[in-house]
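Next come two complexes built around subunit A: one with subunit B, the other with subunit C.
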Partner chain A sequence: MTAALIQTIYSGLVLGSIYALMAVGLTLIFGALRVLNLAHGALMMIGAYVSWLVVSWLGLPAWLGLPISFITLMLVGFLIYRLLIGPMIGKPNWDTNTFIATSGLALALESFALLVFGPRNQPQPFAVEGSFQVVGVTVSYQDLLIMAVAGIALILMERFLSHSRPGMAIRATAQQPDAAQLMGIRQDHIFLLVLGLSSGLAAMSGVLLSSIFFIAPTFGFHPMLKSFIICIFGGLGNIRGTLYAAFIVGITEALVSLFLGVRYALPVMFGLIIVVLIFRPAGLFGQREVVRL
Partner chain B sequence: MSAPLLSLQNLHAGYDDTLVLRGISLDVADGQVIAVLGPNGHGKTTLLRTISGLLRPREGTILFDDQAIERWRVDRIVAAGIVHIPQGDLVFPQMTVKENLYLGAYLADAHKRRDAQLEHVYRLFPRLKEREKQIASTLSGGERRMLAIGRGLMSRARLLMIDEPSLGLAPLITEEIYDNIRALKQEGYAILLVEENPERVADTADHIHLIDHGNVVWNGSAQELGANTSILTTYLGV
Partner chain C sequence: MSAPLADSNTLRFWPLAVVAAFAVLPWLMDDRYFLDLIILFFVWSLIVTQWNLVLGQAGIFSLVQLAIFNLGGYFTAVVGVHLDIGPAWSFVPAGLFCALVGLMIGLPCLRLRGPYVALLTLATHSVIFLLISADTSGFTGGGYGLYGFGDYGFRDLFGSFGKLVAHYYFALILLVLACWVMIRVMASPLGLAFRALRDSEGYAGAIGISRYRYQLLVFTLSSFFIGLAGSFYGTHLGLVDPAGFSFGTLMLLLAMIVIGGTGSRWGPILGCALLMVMNDSLRDIPQWRDMAVGGALILVLLIWPRGIADALTRLVRKRKTTDQT
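The block that comes next holds the complex of A and B.
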């Protein structure tokens, strides 16, 4: 029993590190643009296919799948801002319009993938074989690779946001958009950068997640739902809270799957989110603004 | 006399279908403190937002240093030396005092000299140095106002536009802020000051403009305004 429990918590951590990558990308867009990007799951799926294409169509080495997928989706993110979200921002009803536009984009991307790649599941080539045993837990090299990649990406992201000039400009825009403009920060540049980064992170999480499961045209949808739950848990727009929430949700999902069965994972999480929102409407780690005069 | 640093001519601006500014003209010369007074909701904040480029004017010109800037982007206006210290401070709440100040020197030109400028701001506001590592949302109202002004000074400002520096502050703290504003005047900054209460600006402003319904209805010195009781009761109810 204890071995099963440890094994479960361990797989929760692996899942959590992928969810963290995905949810941070979502919360970044919401924080800076106040846009809920419903195409995030589809971008994840496209990212996974790009990594697959690099190997199966171009014949490049498998490890190149991740960086190429990240860069490609970053460019896709720039395009999405320039062609879709950018022209709507600031116009009347932009929040509803971007909501509808991004869900439309998700459908279009999924249909595109179905048309081009077909409905068959494909394996993710960005993977390593083998595993070993520690205290009764089976640790695969792939899991270690996932945690290393996600961990490094999240640390770099944190460094970038806290200390670099563009990173500070992103945070400033998220916290106080008017004041950020008055500092001379160009809002359209920041939005473009955020869309690119967020899509790049979606691609990474897509590659990593599909390396545990498989690639299919609609495989990004459920993870995106979980990412929304994570973002709400952590407080939408709050990066640190989102990180904690990702691991809480990953471990909860693994535990529920062990004790109740996989099909209860989502219902239990939605139940939890209702409870959290009743008692802490700004999320578990969401801060209410402190105002003192 | 040389041309004024800032010159507004027949400025019209507003939101959606409401016109808020209806033909404002005024000048700010180098080194001068100009106050704009008026009741709430008569376009004072809109005036500053239009000058800083957050809002596009519908009509009229804004000359800064003899250049028409009314179609410029906000970042270009900031780079030219116009700094808008917004109403309610709008500091970045989850950042430290120092991060807030660094963001004031965001543009490339200011970025190069940001450490020297930081020293300068700390000399003016020693309290900010003490609170350097504190998160801005935990500051008191007076400290937040100092931070908003200090953040504005971090860029290469030539004209400071301060929106209601006394808003929500206790009288003693307001005094302290106004001492700071007078010190900035001594340093040679041109200042465009927006206030509701004429007593606040009486011994600071060189010239006062009274705004009502988006128009300048009266202008003159503080002494002239103090002597003119009918103006005071009609427009400001004091």
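The block that comes next holds the complex of A and C.
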């Protein structure tokens, strides 16, 4: 039993590190732009396919999949901002409209992938074989790779946001857009950067997630729902809270799968989030927005 | 949004003309496929009008309405299969059940704001879907759904085609009723309260308008009608299954509202008609359909952020003013 428990917590940690990557990308967009990006799951899917293409069509070595996918999706993110989200911001009904437009984009991207790549599941080439045993837990090298990549990416992100000038500009814009603009920060550029970064993170998490499952045109949807849950848990727009929440959710999911069965993982999670929101309407770590007249 | 109540004669005339045209339609044609499609149009129009009341008028960014619609169907199916009570008897109870569910969902959800409401209601939608589809006890039929729970008995009265026509009128009457309620709500003190809340929530609160209470009221009311529609549509199809919860359908319905014009009176029905025509004309090339729908959605939102109804109204108004000068 203890071995099973340790194994479960361990797989919860692996999942949690991928969830953290996904959710940080989502929460970054919400924090800066106040936009819920429903195309995030589709971007993950495209990212995973790019990494697959790099190997199976271009014949490049598998480790190049991750960086190439990150950069490609960053460019896609720039395009999405320029063509889709940017023109909508500040127009009437922009909060519902961006929500609908990004979900329309997700729909289009998914059917595009279905058309080009077909419905068959593909394996993710960015993967390593092999595993070893520690205290009754099977640790695969792939899991270690996932945790290493996710950990390094999150630490770099942290450094970038708290110490570099563009990172600080992003945080300033998230905190108080008007004041940030008065300090000479070009909002347009910040939004563009945030969308690029977030899409890049989506690509990364797509590559990592598909390395434990598979790549398919719609595989990003449920992970995206989960990352939304994580974002609410941590408080939308709150990056530190999102990180904690990702691991809480990852471990909870693994525990529920162990004790109740896999099919109850999502319902229990949603039930939990409903309870959390009733008692803490801005998430576990979120601060309540002060409403002024 | 705050369209003036002027042009009252055109306002009265056009909806009645459209309803009259739809009422004579079954006498002019006997294409089953087409009539079926129009029944679906009535049902979806009803959902989007009521959803629009919640979304555009009350300002609740709720995504749970499709789940409530399905619950209406499931109520009738479950009661029919397990208790042997026919759809005719469970029709109104299904609406009441859905109103109750709406109230239960609204109580926690409406305490939140904007995006949190959207995400929480989306989560609720998924919970309902997962609980229904993961059930293995046979209560909801799990992934296969339920069927064989009877119908309203129109087939015995009017025959097979007569049943279709009877369902057609049933749906039309239901839609007209729901639209009438929508208009009454918009013109009532409730509508004024929402306008006040939109203009300045703090001021509205100071003169005793409780956002929470009014939103809860509209949410419950619309759940009632959506539940009725769900019960009817489940009976019309003769089956309910978890495929009805698909995210694609949810987005399609939401797209109808947004393309038509969130908060406008007839916009969502217009959007519903447009998207259904588009969907149906592309049915031979299904692999391109979702891409076309997604693309059209994005284009409309970029060009007319307030929706097509608003764009049309402005066009008409512009022409009128140029005519006068």
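Methods note: the second predicted complex is superposed on the first by the 287 of 293 C-alpha atoms of A that agree within 3 Å, B and C clash if a C-alpha of one lies under 4 Å from a C-alpha of the other, contacts with A are read in each partner's own complex, and residues count from 1 in each chain.
We adopt the following convention: contacts are C-beta pairs under 8 Å (C-beta built on N, C-alpha and C of every residue); 3 or more make two chains touch, one makes a residue touch a chain.
Just so it is clear, the structure is predicted and the values come from calculations on it, not from any experiment.
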Next on the checklist: In the overlaid three-chain picture, which partner chain does A:P267 touch, first (subunit B) or second (subunit C), both, or neither?
Outcome noted: second
Checklist entry - Who contacts more of subunit A, subunit B or subunit C? => result C
Checklist entry - Once the shared chain is lined up, is A:N97 touching subunit B (first), subunit C (second), both, or neither of them? => result second
Next on the checklist: Which partner chains sit in contact with A:L21 here, subunit B, subunit C, both or neither? Use first/second/both/neither.
Outcome noted: neither
Next on the checklist: Just to be sure I read the superposition right, which of the two partners does A:L84 touch: subunit B = first, subunit C = second, or both, or neither?
Outcome noted: second
Next on the checklist: With both complexes superposed on chain A, which partner does A:G184 reach: first (subunit B), second (subunit C), both or neither?
Outcome noted: first
Item to check | subunit B versus subunit C as contact partner of A:A169, first or second or both or neither | outcome: first
Checklist entry - Looking at subunit A, which of its residues have contacts with both subunit B and subunit C? => result 289, 291, 293
Item to check | Contacting residues of subunit C [partner subunit A, same complex] | outcome: 55, 61, 108, 111-116, 118-120, 122-124, 126-127, 130-131, 134, 200-203, 247-248, 251, 254-255, 258, 262, 287-291, 293-295, 297-298, 301-302, 305-306
Next on the checklist: Going by the contact rule set out above, which residues of subunit B touch subunit A in the complex?
Outcome noted: 52, 54, 73-75, 78-79, 83-84, 86, 90-95, 99, 102-104, 106-107, 111, 137-141, 151, 155, 168-169
Item to check | Residue ranges of subunit A touching subunit C (in the complex, touch as defined) | outcome: 30, 34, 36, 84, 87-88, 91-97, 99-101, 103-112, 114-115, 221, 225, 228-229, 231-232, 236, 263-264, 266-267, 270-271, 273-274, 277-278, 281-282, 289, 291, 293
Item to check | Residue ranges of subunit A touching subunit B (in the complex, touch as defined) | outcome: 165, 168-169, 171-172, 175-176, 178-186, 287, 289-293
